[in-house]
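Once you've had a glance at the structure underneath, I'll fire off some questions.
Note that the chains take the letters A, B, C and D in the order they are written out, and that residue 1 is the start of every chain.
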């Protein structure tokens, strides 16, 4: 197996270009690549499109600013494709003020749209969102007498994800609920950068227990 | 004269009695989370959390939190022995695929056609739907948990939701702090009234069509 | 966690009713539940619809009869939804003679159709099969200027699958390439019966390493 | 006078030179499987097998076969250190999602528009497409590997496939035992001729439009 370059967080942040669609793993920052996100906030790259479960927590009064929240505050995103912004009042403010385009996507649909991109599917058919604002502007298909929305694949330029453990080839193992969107995003983006808590030698991960196979990973960052 | 006193505890107590052993249940953030505290000891339910686990256990002791183990509200939790973790696609595959028997979720409004609104007050509060739309679309039984009256006095049960819908015709059961309702056709059916409230009081204080079931009975927490 | 009933292969075979759609795990019998299949062949239940990767190997001259091949020979299937029948000449003969309805499905499409059923999706959009006989009779959807086939979910009545290890609650771990369709089928059927090489106590499988969570499983059979 | 002598080995040898280090490659059953034997030692390719692994290794020693570890042709194989296993949805996600750089597969017919037929001779032989349709639709580069002539003397390269297609316009490169062809627009371009065959001989013995590339060169295994 071929070893993947190990870079630092600042080098990882440099790989995100202005205008990129960036997939960020994590669920309310649990399982987000915090080191890379801090470097990307410091670098200040603008005009990004965020694909993420949520905009994490922005609660400066209580000193809780997590995950992508600093980047939201920095106005680094021109668009967010996201299932939940309820714990980050700044993202709600930007949405209501029309400063940032926010596309709310049901969480399960978001997961499938990211997966579809990674799996070379054009999209999936789901009943989620029928009869709601989510349906607006979408194609509808009948299957066996039932109605489904066509939800399109959602690919990205760069995936910033977090793993518990990587081997030097890039095989990944996630931990507990820090797994969430990470393995899906690892399939869906042109460049995949992984912040790993531990980087082990090739052969140290049981091949039956690999969550993301090495070929999907481009760069490793030690957390 | 009956005076309305909000009781989230009563809502949670009653919902906890809906489950039977083996049921896979997803409890939403907030009020529904309380339900877990009142499941009778002889009933074993299996809790799913949409951020990626089955077999949700109680909160950890202080100091024993694991940064990688939270519920969908980012609160530290534990996993019961025999539980399992998975990614978000699998989690919602389980939810949408009908493998979750019951979902309990909070609402801003619920109407007599089973429509549900809980993710958006346009121009004001827009938390987003998170997993709620999939949970309502996919679960076998959907229970709306809500205090009966708004702070302003109107009822949360409506003829027709005015807020953007989370799902059309998704709700099967509504449990408030005054009674237990089913959604049948295009109206609510009151199955139980929670004393001291009476069916008459409930019908009067609900801004929707409520039919009192012929075998409607009292329930006390 | 709740323990699942442990039954024997004959009891498992009894749960398959005439007319059922049966999903059978395995790839050329690697990862097929051989004990349950032998019991189902002995029982002789007819008129089944088979959903499986292939019809395994029927080569009586060399003494190789594997996986579902004995059931094919018994004429227990009225229909097969399958990606490959090239190693079982009897299934080809039945197809050409019009004795058994054979629907050939591209392997990746078969996997996604089974997964879609298990995940509550109406189906998926794929470019696989465009411009071939696979396209016949199917809806077509345009997404971002590209054409995709609508491939519908494929649910089943009973899944007969094979695991390396189960705990008593039904959490499963598969082994190597014996995994294949098994975890997908475990999601897609009303009744899921697992032939496990080993049944261990609850708690003996690392929850991060569970391939199929217990709630998807109904019965266990010791291989 | 050149006499055609079938040589699967030459086909495999030439295809093995297409890859560069790091390429993820899927080799079909039969002739394509031979390709693995001829990859130069300085090139590290990563072999994917659609039945659920990445990092395919050589056949095991006799007596060390593992019933749970086979290739897509049910032959016992091994896994290289650093390889991984996955289910069929993930396997074809990898294939369809463009994560496989190159697929090599055998054909019954391939035509000058890049159409490919290899799964069905109606009424006669119907093996089924297995993973071939997804592999052709999803891989970045598709190489058809075939002997140049049929037993009956006609060429496997056609103007137009007569058999049911495995995929429309999927093939990028065709390597036979006489030459290396690219599919460009609506014809074959001969890039290399394998001695002792000559471009003239190849054009004459191919039932399709073949353009000889201006920089067409000889190649010897």
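The rule is simple: a contact is a pair of C-beta atoms (placed from the backbone, for glycine too) under 8 Å apart; a residue touches a chain by one contact, two chains touch by 3 or more.
None of the values given here were measured: they were computed from a predicted structure.
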Contact-richer chain pair (by C-beta pairs counted) among B-C and C-D: C-D
Separation of subunit A from subunit D, taking each centre as the mean of its C-alpha atoms, in whole Å: 36
Computed distance of Cα centres, subunit C from subunit A, in Å: 32
Inter-chain centre distance, subunit C versus subunit D - centres from mean C-alpha coordinates, in Å: 29
Residues of subunit C engaged with two or more neighbouring chains: 112, 115, 119-121, 126-127, 174-176, 179, 207-208
Per-residue multi-chain contacts in subunit D, two or more chains: 53, 79, 85-86, 89, 92, 95-96, 137-138
Inter-chain touch pairs (all): A-B, A-C, A-D, B-C, C-D
Subunit C partner contacts - residues on subunit D that touch it in the complex: 49-53, 66-74, 79, 85-89, 91-92, 95-96, 119-120, 123-134, 137-138, 164-169
Subunit B-touching residues of subunit A, taken from the complex the two chains share: 27-31, 53-54, 57, 82-87, 92, 95-96, 102, 104, 106-112, 115, 126-134, 164, 174-184, 211
Contact footprint of subunit A on subunit C as seen in their complex: 112, 116, 119-127, 139, 141, 143-144, 146, 148, 150, 152-153, 173-176, 179, 207-209
Subunit D - residues contacting subunit A, complex: 21-22, 24, 44, 46, 48, 53-55, 79-86, 89, 92-99, 137-138
Interfacial residue positions of subunit C with respect to subunit B in the complex: 1-2, 115, 117-121, 167, 169, 171, 187-188, 202-203, 207-208, 210, 213-216
